[in-house]
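Below you'll find a set of structures to go through.
Next, two complexes with chain A in common: one pairs it with chain B, the other with chain C.
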Partner chain A sequence: MHLNFSVWLTRWPYLLQGAAISLEIVVIVLLLSTPLAMIAALGLGATNRAILYPMMAISWILRGIPPLVILFVAYFVVPQFGISLTPLVAAIAGFTAYNTLVVAELIVAGFRSVDPGQHAAIAALGLPPFRAYRRVLLPQALPSIIPPYISYSTDMVKGTALAGSIGVLELVTRANQVILATNRPFEILLGIAALYGIVDAGLMGLQAAAERLWAPHARR
Partner chain B sequence: MLTSCVKWAPLAALLAFAGGAEAQSAATATGPQVSIDLPKPWPLRHLVATGTLTIATTGKSAGVTFVDESGKLAGARIDLWTKLADDLGIKPDFVVIDWPGVLPGLAANRFDIACEGASWTKARLASPDFYMTRPLEVAINVGVALKSSGIATWSDAAGKRLGGVKGEQELKDLLAKAGAKTASLELPGVPEARLALLNGQYDVYGTGMQVAQTLLKGEDGDKFMILGEPTAVDASGFCVNKNEGDLAQAVNVLLAKYSVDGTMASINKKWDMPDTTANLAKLGY
Partner chain C sequence: MKATLWVTRYDARPCREDIASRTGMTMIELAALSEHGAHESAVVNVAPLLRIKKLVKRYGPKTVLHGVDLDIPAGRVVALIGASGSGKSTLLRCVNYLEVPEPGSEIWLDGELIGQDARSTPPRLLQGAALRRQRSQIGMVFQHFNLFPNLTALENITEAPLAHRRATKAEARMQAQALLDQVGLHDKAASYPSQLSGGQQQRVAIARALAMKPRLMLFDEVTSALDPELVDEVLKVMLQLAQDGMTMVVVTHEMAFAAEVADRVVYMDQGRIIEDGPPGSILRNPRHPRTQAFLKRMLRTG
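Coming up: the complex of A and B.
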């Protein structure tokens, strides 16, 4: 197999624009879904069954449906109800819906990992709930939440390729178009794999730094 | 309301039809000049976005709809749609989406018009989800195989692995031709289908003649061959949103005009596409 990467000399601006769109989706979805996930986590961790059961049902549905189907619903089905979203907005909405519940489960798991004795201590001290969460529970839960959160974000970067199925010109869709126009599949695929690798390497570096920061010995 | 009239331009022709002998002779020599007054902008009431022709295209068919070096959509259908939008008095807006999403998107009222050239089939012509326009071309569907596979005729292809782009009529025609019930591999687009054939992941690729010829002209083209007999010869046209009968009518009028005034031939020539006007006439178009 003879590789000729000169195809990138003329096509790189178009492909980098695709990478920028993929990153834009990831950043916006994380910015939207993280605070929403915190709220959803409160529902999933609630002791009140009137809140807990509906939240569990929503979580079960959204996490059980493949993200591709959620994107199709956002782009093809939602307009039937009079709300017409552009491909990019539909992709962001679809990914945010899915991501919110996945991250919410991570947050709930993180809080459940905190020693139950801490709750008893909080009660004994009579700390207000918000302060107890911010000063006692959250610092202990974060080491369990951050690594899977960043790991999941890494998966999300790759998952943005699904947005191409509803007309978003993200990196993989553009790569396919360039492959068609140039018939140089291997050079293009290797190139975009490297681009994904660079973005994911950044996130993995962030994950390693976060793990060091919140490691038990670092918190002493 | 569509307003059109036929103008008998030369006075001589008018007199000829009125019975003047000399004028009749002049009219016979040149024929009456016929022109049609078309509205501009067309009063299209149900567009997905007002003032815009929202067009779904795969952007994955060389010469037909693809992304050029500058990153812009180009090709024969892009030119034709742009011309259509211009003559309708509205702006074109292209949405690039894979073929499996095109017809669902049309049914979901996301696009006004779509399909680079969808084969006329009974199911599509009778579909409640979209209109099919008058044919743009006579579509010849073929099977493509690797020369090294030893498959040269359809009898050689019996029992072999068949594949193509999922949902395409070209793949269905291949299965029908080979007497197979299911495909071995269905892929999202032409680039993937080409690569899978090149890798030997299936043996015969069902596609259109235009795509097949592009494969033969492109990288590794000398490794491919088109099986002698086509899988199907049919007509193909655009698909129009089911809510937009007025658009379907307008597009049909303009396509007829383009086939007569040479616009279609000129676009096809520019992109090295076969001109099938003569064959379309056999279908009454």
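Coming up: the complex of A and C.
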């Protein structure tokens, strides 16, 4: 087989635009879902059952159904209630809903992994909750939250391809179009793989840095 | 600079003679010290520093404490002994409301009702800042230290005074360093708990509890998790604390320590105090058959 990457000479702006849209989805979804996840985590960690049980139900539903179905709901069902969303906005909303609960569960698990003795010490010293979280609990929970957080974020980079199914012209959808137009699948797909690889490598670098940063504290 | 003197003498009002005889200080020296905060009027006030009344605690259907009454005058050291599961830890944890006792139970610290609002009938449970303030007056030391692993020894000690705005950063650090000196760890300020031995960690934990200048210290089997050769360094710190007049409730399996340091030994069995008296009589001539059996077991194993 003879590889000819010259297709990229004319098609690269179109494909890179697709990559930019994918990246845009990831970045916006992370920016939205991370703070939302912190709030949702409060609900999932609540002792008040009137808050806890509904949150658990929401979490169970959103994490239980395929993300593709959530996108369909955002794009096809939500407009039935008079709110019509562009494909891009629907995709961002759908991914955000899913990711919020995924990350919230990570946060809850991270805080649960902190030794109960820490809570006893905090209570006995009378440390106020906000300060206790900032100074004691969060620094101990982060080492177990950050690695899976980044790993989920990496998954989401790949997951953005799903947005194509509700009409977002993201990277994979555009690649598919270009392949059909040029009949050069290998060259296009190798290039696409390289683009994903670059983004993933960036995230993994971030993960390694984060682990180094918190490692000294994680020791017991 | 504002004088932030670190007084290692604790509020030991009603029994100055007692302290004098224990520490070998003269009454005049003690009177001078008491000017740093103790009230003369309190000398005639014989109310105990800690008063536990009708303390009942249940877990589900199981009653763990059956209406315990216990009075401890200021400056006294009470050793709390008893078999595993007899409710010693639960008792300590009820004193600072880490566990909430059943309604009707009362914990009084120096005339203040702990964990409940005395003004409302029936008393409402205290929460938030009011409860945190009360807890900060009661130091607690745990079997497994429970130091904050992400903070240095010094930061562990300064955390509570800073959180309660008791001191500026500089004052808190100075006081923490003084406390580290007091527990024999003057060179460990910058060490993380993971870099310290168990005995050193426990001494940091004691210093951390002392940083709020508590009026009462609770110790829950603080040497049980230590290698035998590290036990003494911790007991020494506690002995010094007792000699300085701190009021202490010490749950312990160290009978020798109880005999030497405690003014009183309290024996608990199945959620009740069944024997209470001077160490000499309880440890040597226990009256209750269960106490006798317990002490026999302790002597065999410990």
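One rule holds for everything that comes next: the second predicted complex is superposed on the first by the 215 of 220 C-alpha atoms of A that agree within 3 Å, B and C clash if a C-alpha of one lies under 4 Å from a C-alpha of the other, contacts with A are read in each partner's own complex, and residues count from 1 in each chain.
Rule of thumb we're sticking to: a residue touches a chain if its C-beta (ideal position, glycine included) is under 8 Å from a C-beta of that chain, and two chains touch if they have at least 3 such contacts.
Quick caveat: nothing in here was measured; it's all calculated off a predicted structure.
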{"item": "When chain B and chain C are modelled together on chain A, clash or fit", "value": "fit"}
{"item": "Touched partner set for A:T34, first chain B, second chain C, both or neither", "value": "neither"}
{"item": "First, second, both or neither for A:P13, with chain B first and chain C second", "value": "first"}
{"item": "Partner chain(s) touched by A:S151 [first = chain B, second = chain C, both, neither]", "value": "neither"}
{"item": "First, second, both or neither for A:R135, with chain B first and chain C second", "value": "second"}
{"item": "First (chain B), second (chain C), both or neither touched by A:S165", "value": "first"}
{"item": "First, second, both or neither for A:Y75, with chain B first and chain C second", "value": "first"}
{"item": "Contact breadth on chain A, by residue count: chain C or chain B", "value": "B"}
{"item": "Touching partner for A:L180 - first (chain B), second (chain C), both, neither", "value": "first"}
{"item": "Vertex chain A; arms to chain B and chain C (CA centroids, nearest 10 degrees)", "value": "160"}
{"item": "Smallest separation in angstrom, by C-alpha atoms, between chain B and chain C in the superposition", "value": "51"}
{"item": "Contact set on chain A toward chain B in their complex", "value": "10-11, 13-14, 17, 72, 75-77, 79-80, 84, 87, 164-167, 169, 173-174, 176-185"}
{"item": "Complex contacts: residues of chain C adjacent to chain A", "value": "96, 98, 129, 131-136, 138-140, 142, 144-151, 159-160, 163-164, 192-194, 208-209, 212"}
{"item": "Complex contacts: residues of chain B adjacent to chain A", "value": "48, 56, 59-62, 66-69, 71, 95-98, 100-101, 104-105, 108-110, 189-192, 194-195, 218-220"}
{"item": "Interface residues, chain A side, partner chain C - complex", "value": "115, 117-118, 120-121, 123-128, 131, 135-136, 139-140, 216-217, 219-220"}
